[in-house]
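Next, two complexes with chain A in common: one pairs it with chain B, the other with chain C.
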Partner chain A sequence: MKPDHLNFYIDPSRCIGCQACVQACSECDTHRGESMIHLEYVDRAASVQTVPVVCMHCDQPTCAEVCPADAIKRTEDGVVQSARKPRCIACGNCVMACPFGVPEVYEDRKLMMKCDMCYDRTSIGKKPMCATVCPSQALFYGTAEEIERLRPQSIPTNQFQFGNQVITTRVLVMAPRGPVGITPSVRVTASLDSGLASPDPFDEVEL
Partner chain B sequence: MATPIPERETISVPPDGRPLDQQPAWRQDFPIDWPQDSYIERRDFVKFLTLTSLAFAVGQLWIAGKSWLRSRELPAGAKRIASTADLSVGATLVFDYPAPHDSCILVRLAEAEYVAFSQKCTHLSCAVIARPDQGVFHCPCHEGSFELRTGRVIAGPPPRPLPRIRLQFEGDEIFATGVEGGMV
Partner chain C sequence: MFRKIDAGEIKGLISICFNPKVSLPDNNFVTRCLDKLEFYTAIDFFLNDTARHADIVLPGSLHEEDEGTVTQVEGRVIKVNKAVDCPGEARQDWRIIQDLARALDRPHGFRFEEPRQIFEELRVASKGGVADYSGITYEKIEREMGVFWPCYAEDPRTGEPIADHPGTPRLFEPGSYNPIARGSGPFYFPDGRARFNVADYRVPVDDAGGEYPIFLTTGRVVSQFLSGTQTRRIGPLVHQYPEPRIEMHPRLAEKIGVADREWVTAETRRGTITLRAMVVTTIRPDTIFIPYHWTGRKSANQLTVAAQDPISKIPQYKVCGCRVRKADGPPAYDAVLEPQQ
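And then the complex of A and B:
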């Protein structure tokens, strides 16, 4: 069981896109040689900024809610595990439902596999593989006191709003410190709400 | 209404946030939390054990009933096989007794000595071949041998002797009148 005082912190602004986490992830025994981490480009046309996407381990796992085969389970320590192999029917419902885009269906073995926070490691108090190799510590695994000392400018948050759905997660994201007294909340769909879509980089520009 | 079971601690909150006793019953049957899930499996396992042993008990009763019914069946009647003139000494004759497909084999050992046995080997039901010169019934499938006179196993894998066919003579005619030890 994962120790309660250790948490997983993601600081996307520190990610340098080195892919070390992607390589390290495939070394973990629970993944059988597959890398479960997605290193996403935020806006490939305009920026080199990357974001490591690991499973956020939601308190109300939407992937498990939509699973028709009862295959996705959450252990007592709050870690949402990969699909149970005997149950998973590779329908891909979880892939559609996950607000963070984490699960992936492997058609060759008819199985959904996702980040399980390196459960063989974290359950005995070790760090997940990605956090052990991340050179800029964009992926950090440790106590709340450590992260507070290391990142005084940021505050960890685990509340996300997708439309009307508020999601609390076990994994925390470092957000820049806002005005005092306001709980930081990452508005993922803010641009959709305001009706202001970001400019399309492939739009024809009048000269 | 679904009532929470004390030893199954809930950690995952349903999306609407209402307590478990206000949730539909299927949430208890398909819990997201691992401990609850394995709890269900344990209960299912006990159910499986009970139903399986019940099925075995019913199966035993069915077998007992079948064998009781079979024991009440009337014994096979007499059937004419051949006349003594048909067989020379040392010759064999295959006939069906008591049912049309139950092959049996009649051997004339001496001038006035006849034996008949079921032809079905007691090992895996191959047809045995009489070898009066060697004094055996031989089964070619797995090299089993039975004594010609008594049907006793003398070699090979067969577990039981060949069922003997009772013979009766009326003048020149030979009749089969019954099976000793029952056909298998």
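And then the complex of A and C:
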């Protein structure tokens, strides 16, 4: 059973794209050679910003709802498991349905596999592997008090809106505190806007 | 060293963990020099690109196969413990060196039986120096998860024994002692004061301009380590960044008429390379970047200049003049696998 006071926090703004999480994940014995974490560039042509994507572990997992074979189970402690091998028919419905783009079908073995928050570890109180190797705490596993102390400028959120669907998740994403806050992060949004409008930094460079 | 090989002053070479065919600038010159050696022995844990030029290869060890200490850049001395035995005929580097010394009939100073004895000698030899290890023991390192030098067995001011010196996590604290200032201040000058050094700008030896108007700068990608002797063998790391690409700005790409992932030839006064373009706005328009970890015709150091910083002797990997043009298609060497593949 995953201890209730320990949470998984993702802070994409802290990700440096080192891929340590990807390598650590792919070394796991339960899915050796395959990484269950997706580390994506947002737009490499324009920026070096990367985003680590793990399973968000939805309270009502869309992947499980659309699965015709009932192969995706959510444990009572809120962790959505990888597809059950005897049941999964590799139809890919979950791949299409997941709003976060997490599940992946492995055609060679006709099986969907995805992040299960290292259930073999987290169910006995250990941290997920990716969070143990992340050098910048973009992937952080700990208590609400710890994250509050570490990141006073950010607020964890676990509610996401996709069209008419509102999703609540076990995994939390760190977001800058909103405009009503009294912290300087209000201006983070402002400078981002002006940054987008700013001229090419290499405008002066002759070619 | 390679200039001395070229001039015939060095005729024989023994190297440990050395892959200059990938890591040194102007490496076509390096390769010619390796072939010029009358005798070359390479000690390495894998048969890397340079070791393939050796007359004799002595299989060495990885740190997982040996024991000892490593001092990190912050001055923290940490312990490395042996996890596995060397495979096959491979042996620990220090044992190979001792055997060579014995074979040369010069065994004095090479009679260690275990790494701890070598560390004990380092403690004695460094005593009284800036990086004083005399107070560091294997047990203390393990107990404290690393110890920072200087760590004294005796008070450097009085010579009085110190039972358990805590080491020095932060250098240059007010009132700290070092053997150069001798108490007159915390810094490594006789008066104990620090200096601000004025660095005058020097034009690079092979500056961009004229026929070679673009700056070439080289560096690393995150999935590869140094010359790739270890990391070009590991599937997931190769997969992460399978081949070097030429990073360039969209303005330069437009000027030479290439799109992202199309083939580009970069040329300097020393060599040419044809690789796929990676078009990004995160680089200056007058500069291209090529990572250096690969070998043979995919090696960025075919292009770099063998000029050095006059003080640090670091090669000018970060700047030389080059020109770029669109290539007709992939070069023949694109499809050639490396020996370990």
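By definition in this document, the second predicted complex is superposed on the first by the 176 of 207 C-alpha atoms of A that agree within 3 Å, B and C clash if a C-alpha of one lies under 4 Å from a C-alpha of the other, contacts with A are read in each partner's own complex, and residues count from 1 in each chain.
What we mean here is this: contacts are C-beta pairs under 8 Å (C-beta built on N, C-alpha and C of every residue); 3 or more make two chains touch, one makes a residue touch a chain.
What you see is a predicted model, and the numbers here were worked out from it, not measured in a lab.
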| item | value |
| --- | --- |
| First (chain B), second (chain C), both or neither touched by A:G33 | second |
| Chain B versus chain C as contact partner of A:T75, first or second or both or neither | first |
| Which superposed partner A:E65 touches (first chain B, second chain C, both, neither) | first |
| Touched partner set for A:S47, first chain B, second chain C, both or neither | second |
| Contacts of A:C18 with chain B and chain C, given as first, second, both or neither | second |
| Chain A residues touching chain C - in the complex, by the definition given at the top | 17-19, 22-23, 26, 33, 35, 44-48, 200, 202, 205-207 |
| Contact set on chain A toward chain B in their complex | 59-62, 64-65, 70, 72-76, 78, 81, 165 |
| Sites on chain B touched by chain A in the complex | 9, 11-15, 30, 32-35, 37 |
| Chain A-touching residues of chain C, taken from the complex the two chains share | 222-223, 235-237, 240, 249-252, 255, 260, 279-282, 284-286 |
